[in-house]
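Two complexes follow with chain A in common, the first pairing it with chain B and the second with chain C.
This part shows the complex of A and B:
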């Protein structure tokens, strides 16, 4: 896949079909990648595909001028489609290089299984539906579903349906929808008061860095409500009440755009369980309106569309 | 300290100017009695209601919020109330999941001719809010911080 990606990306630049290529290159730390944004075909050989290509690169699309070739996993391609639905980008300006995604590896799950910090792990390799972890020269093997991100386990579309180039036929992803919602169901099993204090505790840690918003491709507003001062909707002081309110509103604003890519939770420096909000909203929208974000570029965005007969039982 | 028995819920009404606000007006001019717990804010259309307004009201210490607009098919702008319906629906669900009693978020269709219905809705909602009790979500008891300290704007 990697060679096909590099050949394809190089050709796109050489033929002048795109101004930029956005993809992944190895990161400075072990088992990480970092976004590569380039106009130079000599950089292309740095492009990689591996189980650590976590970023949803579509967040850059609204910031770049010109035509862009972008490497996209299933969820990323849905974010792109969602941006097209919202008229934030034009389909003809984007060349989608689709990766049928086998799922991404969550290093914190690896650390738990290996009982070691990621720095002390020597190697992580995927072999079919198993993962092999090497620590101190010792090999350990686990089913791949034990180390994939929760959002990958719940993936609705590992292989992009919207693409210009597809790097292979289909994805070998093994999902596990129950594990994917495990944390959420755990919360739902507690009382109203317990749930509220859970979120109070989570948001007491928030430092309002806005990393969650900045990585989110669905958060494309040029001016966010948190920065408005007339009126000032929420206090800029990071206290839990306002932190919580910020995140709730953010999740409501991205409802029907959020593809459960998991980036918000990964970006959060204080490990707030943000996906437990995003994924729940994702499922609420699906339950009430049979709407999944970014599935059909012709569909109207969730919050601007309606059906005459729908979810009414709560209205007096 | 106020006595518990004296406590009266505070309800924010976000009423569309074409139907529900006119309905509230009619309730007044036809001298219908309804609880004075509702504070009314006129909005151009129920479709103007960003869920942000609902959260802000709860954050400021309102015990409940009522979003009210024209009946389906009667929106002055054709589709505003349908959009409001989707927004309120998802807001209620998410807040319930987070630990907020969903009865704090209410919605109704009240036309300009339904003064009586408006009075009934306010009475019913007020009664429910009394059952739930004061909103202390953002102002944990005894801490005395929260809405007042930071709710400017």
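This part shows the complex of A and C:
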């Protein structure tokens, strides 16, 4: 797949079909990749595909000018479609290089299993539906489902349906929807008071760095409500109640746009369980409106569409 | 031959901390809140004695917290009444601070006690005692040694501890450290064998730091690239303009000030701010760094060019947090190592 990707990307640049290529290159730390955004064909040989291509690169599309060739996993391709639905980007300006995604490896799960920080793990290799972890020279094997991200386990579309180039036929991903919702169900099994104190503890450590918002392709507002001072919707001081409100409002704003790519939770430097909010909203949207974000570029965006039979008594 | 240093077994370190708790508010590395930070010790847990590297939240947060009440106020017919928040009279003892983070506090001290003496920071900092513990296994993001900092030695702490197996060797660095040792019970005299073990342990720790920053002529190289827009634009492209690298940098100190007001009463807070944000300094005027590459450049230059101009010290300690915690792995060592030689 990597060679096909490099050949494809190089051709796009050489033929002047795109101004930029966005993909992944090896990161500077163990088991990481980092976004590569380039106009230079000499950079293209650095493009990689591996189980650590975590970023949702579509977050960059609204800031780049010109035509862009972008590497997209299933969830990323849905974010792209969602941006098209919201008229934030035009389909003809984007060349989608689709990766049928086998699921990504969650390094925090690896750390749990290995009992070590990620950089102390010698090696991680995926072998089909197993993963082999080497720690202090000792090999350990686990089912791949134990180390994939929760959102990958719940993936609704590992193979992009909207693409210009598809790097292979289809994804071998085996999902596990129950595990994917395990943390959420765990919370639902507790009392309201327990949940309240859980979220108090979570949001007490929020430092308001906005990484969750800035990695999120659905958060494309030029000016976010948190930065409005007249009126001031929430306080800029990171008190837990305001931190929680920030996230609650953010989740409402991205309802019907969030593709459950899991980036908010992964980016959060203080490990707040953000996906539990995002995924619950994702499922609520699906239950209530039979709507999944970014599935159909012709469909009207959820929050701007209206059907008469949806009328609630209070707005009659 | 006896050395002038002391030692304590790891098993007895809890007792020592308990003793210190009589006099100080003892803070230790902890994950109790859900993220690694320097938290108030619970008097029992000593699992942090096995930690071998720095915390996610830097110890600067103990002196410059993410948010802090500056004063509160009330308005009535006569006007405003201002009150300072109650002062925490406890002296902090920070146990387990790493050399990079201790150096960072020394760097912050320069800013907060320069032409303006910042009472909020200094009142906490003045009475604090720092007990350093050397790192035994650096992260792959650590590059302290490139900046002249050893992972196992420090002159910015009061006491410095070195892991020598089942025990810590204790060196008194400052007068305050010497006094603290002399009134602490349960410390044994270190002998020559302990010193030898400590030396080996320090050397091994040093070797574990593998990331390298090329600091040769760094100020000149930066100056030459100040207007190299192409370079900065290219490397800034993937930055998301979030607050992670600055908020969690142990030497970044920018803060914002906001009033919280409900009816006739409220409080003034200060909280961390970041030059990476597009809205930075928009309150008093405009952000002079509208384009992203200018903001990315600012962070690097502040640390490696401007701070050295003002205080003759680099405002980066190689703690590696900005590399490790950045959601896109933006790497300051790459940015500096790859500076074009000729522009």
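As a working rule, the second predicted complex is superposed on the first by the 309 of 316 C-alpha atoms of A that agree within 3 Å, B and C clash if a C-alpha of one lies under 4 Å from a C-alpha of the other, contacts with A are read in each partner's own complex, and residues count from 1 in each chain.
Convention: contacts are C-beta pairs under 8 Å (C-beta built on N, C-alpha and C of every residue); 3 or more make two chains touch, one makes a residue touch a chain.
These figures come from a predicted structure and were not determined experimentally.
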Answer with first, second, both or neither: which of chain B and chain C does A:163 touch in the superposed model? neither
Looking at the overlay, what does A:142 touch: chain B (first), chain C (second), both, or neither? neither
For A:27, decide between first (touching chain B), second (touching chain C), both and neither. second
Determine, under the contact definition given at the top, whether A:237 touches first (chain B), second (chain C), both, or neither. both
Which of chain B and chain C A:198 touches, first, second, both or neither: first
Which partner does A:225 contact after superposing on A: first (chain B), second (chain C), both, neither? first
Shared contact residues on chain A, chain B side and chain C side combined as an intersection? 229, 235, 237, 239
Which residues of chain B touch chain A in the complex? 51-52, 55-56, 59, 72-73, 79, 82-83, 85-95, 97-102, 106-109, 121, 124-125, 137-138, 140, 145-147, 150-153
Name, in rising order, each residue of chain A that touches chain C in their complex. 27-30, 32-38, 55, 59-60, 117, 119-120, 201-202, 204-205, 207-211, 213-215, 227, 229, 235-239, 263, 266-267, 269-272
Complex interface listing, chain A residues touching chain B: 187-188, 192-200, 225, 229-235, 237, 239, 241-242, 244-245, 248-249, 251-252, 255, 277, 280-281, 284-285, 288-289, 302-308, 310-312, 314-316
Using the touch definition from the top, list the residues of chain C that touch chain A in their complex. 33-35, 37, 53, 56-57, 66-67, 137, 139-141, 234, 237-238, 240-244, 247-248, 256, 258, 260, 269, 271-272, 274, 277, 279, 283, 323-325, 327-331, 333-334
